[in-house]
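One structure is given here, and the rest of the page talks about it.
To keep things simple, chains are lettered A, B and C as they appear, and every chain counts its residues starting from 1.
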Amino acid sequence: MSLFAAAGAVFRREIRLFARRKSDWANPLMFFLIVCSLFPFAVGSEAERLRTIGIGVIFVGALLAAMLALPRLFDEDARDGSLELLLTSPEPLAGLILARVAALALALASALACVAPLFALFYALPAEVALTLAWAVLVAVPTLLLIGAIAAALLVSARGGAILTAVLVLPLAIPTLVFGAGAAQRVLYGESPLAELALQAAFLLLALALCPLAASAALKISTE
Amino acid sequence: MKLHVQSLAAERSSRGVFAGLDFTAEAGTLLRITGANGAGKTTLLRVLAGLGAPADGQFTWSHDTALLTPAQAACFVGHSNAFNDALTVRENLDYVAALADQPRTDAVAALEALGVRALLNRRFGALSQGQKKRCSLARLLLRPSSAAAPQRRRAWLLDEPFVALDVDSQAVLAGLMTQELAAGGMVIYTSHQAVPIAAANAAEVAL
Amino acid sequence: MARTEQQSTERYGGRWFWRYASPAAFFPLAGRIERLCWAVAAVLGVLGLYLGLFRAPVDAQQGEVYRVIFIHVPAAWMAMIIYLAMAFWSLLGLWLGTRLSFMMSRALAPTGALMTLIALWTGAFWGRPTWGTYWVWDAKLTSFLILFFLYVGYIALAEAFDDVRKGDRASALIALVGAINVPIIYFAAVWWNSLHQGPSVVKQGGPSIAPIMLWAMLTMTFAFWAWCIAAAMHRVRSVIIERERNAVWMKPVVRGQAERERT
C-alpha cells in the first residue's frame, strides 16, 4: 500500500508543478507547433504534397517535442537535491520513476495529441486520419518518454546530456514511430489501422514493464 | 538502532578517499565525523544513507536483531535543501513524508520546533537562505501525528547542518539534536563549526 | 570493485577463468591471442581475397561486382556478432562487477562500429551497379544503419563521463537496452518495408553457388573473425595500460615498452 501512497505523492507533486509552471509543457508544445509549420515553407504548399508528408512530419515533430521535455524528468531534482529523497525512499525506485514518467506523459502526451489533429487538417489530411494520428501520438509519446527515462537517468550529471539523450533514445523509438505513423497511413489508404495500433500498444506495454526497472538501475549508476 | 561499520572503503570519481574504517554506533550516540577537506566526510554519510556503494568492506544498520536497509534506518540531510522552489513548504514536507513512508505526519509541529511555523504556506523559492535551511531541517522531525502507528526512529545523517544558520538557529538545532539523542535516536554529523551539543554519549571518527 | 571480484571468486570456487578475470593475468594472454590472430587474419585474408577475387567464377547476372560480398557479408556478420558480444560482456560486468568485462565491452565497440560501416559502405558500392542506387530504404540496410547509431550512442555515452566506472556501467546498461531492442527494430523495419512497398533485395546464391565461392566466403569469414579478435585484444590491452598504469604489476610492462621504443 505504501508504494501506492509514495507513487501517488510523486505523481501529485509533478502534476502540481506542471500546473504552476506551465512553461514545462507549453514550451515543448510551442516547439511542436513551430516545427510542423516549417515544413510547408520548405516543400511547398500543394495539398497533394502536404498530404504525403503530413503524417510523418507531425509524428516526428511530436517525438522531438517529447525529447525536449526529457531533461525535465530528473535534472531539476538533481540540482535542488530532492533526487536524494527519491533515492533514499524505502519504496522501490522503479515504481516512483514510473509515477514521475506517468505525470509527464499525462501532461505532454495529451497536449500533443490534442494539437496533432489540428495540424493534420493543416496538412490536408482527412478527419479520420487526424483522429488515428492523435491516438497514435497519445501512445507513442509515453513510449518514448519511458525509453527516454533510461537515458535521462543515465545522463543526470553528464556533460552534453540533452543531445546525447536524443542520440541514444531516438533510434530506440523507431518501432513506435513505424507503427504509429503506419496506422495513420493505413487509414489514409482506406484500410484498417487495428494491426498497427495493437502492435504500438504492445510496445508501450513492453516499455511499461521494462523501462522503469532499467531507469532505476540507470539512476543508481549515475548518482552513485 | 545500531550501526556497525567494518573495514569500509569508499571512492569518489574512482579515487579512493578513505579505507579500513571501523566503528560502531549505538542508539543515543552523537557521532562527529572529522577530517580535512576531501577526506571523504560527505562520501561516508552518503554511503551510510545508501546513496553510494562502498568500494570495499561493509556496514549494517540493525534494530534489535533485525537488519535494516539504509533507507529504513537513516534520514540524510545534505548540503542541498531537497525542496522544490515552486512548491510551498507544506507541500514539500508532505512529499518528503510520503516518500519516507510516513504519511499523515505533523508538518506544523515540525516547523514549530524550528521556529518557522509562519512559513508553512509560503512558496519555498521566496524564502531567505536561512529560512530555507530551517524549513529543510524540519524533515528530520516528521513523525506521525497520532500515536496509532509507532514509528521506529531513524538515525540522522547531517552533512554540515550548521552552515547558513544564524547563531540562534544553531542553538535551536543543537537543542533538537540533544532531544533526539535523549529520546533514543542517533545523530551522525559533520561540521567545521564548533557548535556545542549536549550529549551523554559523544564520539568522534577521524577520516 | 575488489570486493565483488573476491566474492565472485569465492562463489564460483576460483576456476581457471577467474584467474583471467584479473587484468594483470589477462594482459599477457591478450598479447599472445592478439599476435596469433593478426597472423591468422593476414594469412586467411590473403588466401580468401585470392580465392574470391581471382579464382571464383564471374556471376552470370551481376558480373564482377558481386565479388564485394566477400567483404560485405563477413563484415555484416561481425557487426551483429560483436554487438551481441558487447552486450554479453556488459551483462557480465553489471552482474559480477568484474572490471575486465567492461574493458572488453568498450574495446569491442569501435571494431563493431567499423564493421557496420564497412557493411554499409560495401553495400552501397554493390547497390549502385546492381540496383542503380547507392542506398535503398530496405529493411536490412535500415536495420544496419540503426545498428550503427546504437554503436555510436554506446561509444558517445561511454566517453561522456569523467568517472571511468560510471561510464563503464552506464554504457553497459545502454548496450543491454540496445540488445533487447535490436530484434524489435528489425521486426519493425521489415513490417515498415512491406507497408511502404519498398524495393526488395535480390535473392543471393540460389542453387548454383560454386564451391569455390563458398570456400572463399568461409575463408574471409574466419579472416574477419581473427582480425576483429586481434583488434579487440589490442584495444583492451591499451585500455588496461591506461587504467592500471599506477598498479605495481604494470611497472615492468611500461618500462619494457619504453626500452623497446628506445632501441
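FYI, a residue touches a chain if its C-beta (ideal position, glycine included) is under 8 Å from a C-beta of that chain, and two chains touch if they have at least 3 such contacts.
The model shown is predicted, which means the values in this text are computed figures rather than measured ones.
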item: Chain C and chain B - chains in contact with each; value: A
item: Identity of the chain that, by mean CA position, is farthest from chain C; value: B
item: Geometric centre distance via CA averages, chain C-chain B, whole Å; value: 49
item: Mean-CA-position distance for chain B and chain A (Å); value: 37
item: Separation of mean Cα positions, chain C and chain A [Å, integer]; value: 33
item: Per-residue overlap in chain A, given as positions that touch at least 2 other chains; value: 224
item: Residue numbers on chain B that touch chain A, as the complex places them; value: 49-53, 69-72, 74-76, 78-87, 91, 94-96, 98-101, 103
item: For the chain C and chain B complex, residues of the former touching the latter; value: 1-3, 162-165
item: Contacting residues of chain B [partner chain C, same complex]; value: 11, 13-14, 54-57
item: Complex contact set, residues of chain A against chain C; value: 147, 150-151, 154-155, 158-161, 164, 167-168, 171-172, 174-175, 178-179, 182, 185-186, 199, 203, 206, 210, 214, 217-218, 221-222, 224
item: Touch list for chain A against partner chain B, complex; value: 2, 5-6, 8-10, 13, 16-17, 20-21, 76-77, 79-82, 84-91, 96, 223-224
